[in-house]
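Next, two complexes with chain A in common: one pairs it with chain B, the other with chain C.
On to the complex of A and B.
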């Protein structure tokens, strides 16, 4: 009789299987129910453990969201202040993303830490697409990777195209000196006609579109200005200081690169914190929903085991009487 | 989110269609065409992903060169960590170019000047603000817009005279004892900056 009741209980649990990932819990609960041993409170233990771990995860993700929010506040000020620094260069030289050059170097800015949503994958996707766009006969594009996450993704299929990998950028708070040393390093080690920096520009906490900023080498600038077109007006500018125009253009290109890199790195850091905030927020919400479902399961399990006990007692008593 | 991104991208391109008659790069006409060129190429080759934004869509376009000389010079003085002056209308600025101090008035010819460490002064009516700038660049456009980009700038009253003297002595000593070219160059830069600071404070 107890066995029949057991089997009835087992069948009652079947419709509780929801298509959510807690089905693993449900099936383990069921298998324990159908075991012939004592069944009264063991099953609730499993659900209770699960609930405890989900609640802990919810606390952790909530805390991570707060931390990301405070970091975002700090770095957003820096990023907004640095936005003025690349505008004069674009005002002078214009923006030529469709320039046709032989050696393209694609610099992908990404984060070192994970749990920040999809921004690193977006940057890598755009970089790979840019590489496809700018490659062709006699043209080559190579990568310079900043950040662990993009490095991990690139190493899988474009290992030969990676020139330089730089990680742990944010160990010390970002400042211009550090970025200019980094830019110097890149320029020394890499041959380029055009540098394309791919990063996520910070618009708001929920919007960080990928952006590509193009910096041309001094030779390319000369060539484009001579051939007319966008940079044709550059010739009308008088050059003060320095021996030759080439020297000034060289300094200009290097300065432009370091300024644009500085802004790119800051904006990407902001986007990373914003993405982490929204990822942790949705994770906490998800954990909350999971907790609700588990609570219902727990209550049902508990009530079912109480009912089982009652049935056993009553059937035992009625067997004795009758 | 992608719909908003494409509408954001559409706006500057449409405005540029009206601006196509302007001839100067400060007005960014052909660069808008370059932008749309890029987008077209992108869409042809990679139709599934939205094209990335480019810096042009985040900038205010500059006005064209007016036919008569404007009365005021519009100055943008930017540092990597702050925008000191953003589109401020002034009468004149004096910048420390490598060829010497240069005065810039409205209607100045378009120039690209490399800066050396020195004093930059901004004249507005009867007020003059002086900053000590480290090196950088200054772009003067034909439409009386001046962009000065420096790595560091401090108002003159924030500089400590005694520290300057100490620094100058230290770097002169380093210069005389430098062995490699790199050390010599570094020491020379230190000496240059400190002597410019000294001159700025005394002069």
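On to the complex of A and C.
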């Protein structure tokens, strides 16, 4: 009871005591919060605001991860089914990434939305390297860009080599008709000897390496088959019906391009969701760690302010006692 | 049946590519389905993207291709 009276008196006298200079240990905490000099009670408001916003960010990134996971599940089935569409073409015509042609068109598939980690940057890097590799005297390569993110990166330094830019591809769920209309538009607008499609192939949720798929124009296929090598066996096939070999090769080339594009777009979409999942996951983890550190700072600040108040009360009371 | 030996098929003479031809055929097949499956299948034909050509490092006005399953 006596202590309570002392405490009450101490508190009454506390406002009369001139503000104590803040000790060095606490001043480091204060200077972060930019409190004016000489204020006694250390404010925890700033730290509390930061904690609230970090917690909200953590919730949002967790939700984004869940959304990406569910989208991934849906589109992964489609991508795996679409692999069977281009495999017969590779069985027939082979894959010739090292073919040497005059006009190369590099098609870069990327996403429209961000927050998906580094997949778009790797695709762009590979495309630029491919462009350097395939250009030279009498050889030329140009870009066809799918997706906003790659477009932004290409605009910076390869503006002159861009032929077409396509965006808003994922407004509706991806289907073959859409990709084939797109492929048709590309074929109409671009002349090429070889098309190289750069995309991120989906192996698993954590592994999506960039890959290049090559589609040759019918003239190039003719040339290669005459010169022997992989395509030399093409002549040993019999052709039924009234079409010539050139006709068939042209139909095949167009259809092959459409199928390979379909697979590329689907696999890239899968990789995008997978990359977004892991990016959001590491983001939530970082937010959690940040929250832990902030909580420690908050508690330290809070305890320091309690200790300061106690010291003032007690020193006030002892000053009274004389 | 094919009286043409080296003549071009009708659709290529009309300016279509094989892709356009096969899309039209696919659309015809989808329209042969009966009701609940038909609307499902037709939703798988929706097209939407925006294409812009570039000349000399400058983009031209983008053309929007939307909701047209075939050319």
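We adopt the following convention: the second predicted complex is superposed on the first by the 279 of 322 C-alpha atoms of A that agree within 3 Å, B and C clash if a C-alpha of one lies under 4 Å from a C-alpha of the other, contacts with A are read in each partner's own complex, and residues count from 1 in each chain.
Here is the rule we go by: a residue touches a chain if its C-beta (ideal position, glycine included) is under 8 Å from a C-beta of that chain, and two chains touch if they have at least 3 such contacts.
This is a predicted model, so every value here is computed, not measured.
Asker: Examine A:204 and indicate which partner it touches, taking first as chain B and second as chain C; both and neither are also allowed.
Answerer: After superposition on chain A, A:204 lies in contact with neither partner.
Asker: Touching A:162, do we find chain B (first), chain C (second), both, or neither?
Answerer: A:162 sits against chain C, while chain B stays out of touch.
Asker: Considering only touches as defined above, state whether A:262 meets chain B (first), chain C (second), both or neither.
Answerer: After superposing on A, A:262 lies in contact with chain B but is clear of chain C.
Asker: Please work out whether A:96 is in contact with chain B alone, chain C alone, both, or neither, and reply first, second, both or neither.
Answerer: Only chain B; A:96 stays clear of chain C.
Asker: Kindly classify A:241 by the partners it touches after superposition: chain B alone (first), chain C alone (second), both, or neither?
Answerer: both
Asker: Would you check which partner chain A:185 touches, where first means chain B only, second means chain C only, and both and neither mean what they say?
Answerer: After superposing on A, A:185 lies in contact with chain C but is clear of chain B.
Asker: Quick one: name whichever of chain B and chain C touches more residues of chain A.
Answerer: With both complexes superposed on chain A, more residues of chain A are touched by B.
Asker: Once the shared chain is lined up, is A:87 touching chain B (first), chain C (second), both, or neither of them?
Answerer: A:87: touches chain B, not chain C.
Asker: After lining up the shared chain so the two structures overlap, which partner does A:254 touch, if you call chain B first and chain C second: first, second, both or neither?
Answerer: second
Asker: Go through chain A and flag every residue that touches chain B in one model and chain C in the other.
Answerer: 175-176, 180, 241-242, 251, 255
Asker: Which of the residues in chain C end up touching chain A in this complex?
Answerer: Within the complex, chain C contacts chain A at residues 2-9, 17-20, 22-23, 26, 44-54, 56-59, 62, 64-65, 68-71.
Asker: Name, in rising order, each residue of chain A that touches chain B in their complex.
Answerer: Its residues touching chain B are 78, 81-99, 125-126, 129-130, 132-133, 175-176, 180, 198, 201, 206-207, 209-214, 229-234, 236-242, 248, 251-252, 255, 259-260, 262.
Asker: Note which residues of chain A are touching chain C in the complex, please.
Answerer: Going through chain A, the ones touching chain C are 159-160, 162-169, 171-172, 175-178, 180-185, 187-189, 241-244, 247, 250-251, 254-255, 258.
Asker: Taking the complex as given, what residues does chain B use to touch chain A?
Answerer: Per the stated touch rule, the residues are 1, 4-5, 23-26, 28, 30-31, 34-35, 37-38, 41-42, 45-46, 49, 52-56, 58-59, 62, 76, 78-83, 86, 97-99, 102, 109-114, 116, 136-137, 139, 141-142, 145, 147, 149, 151.
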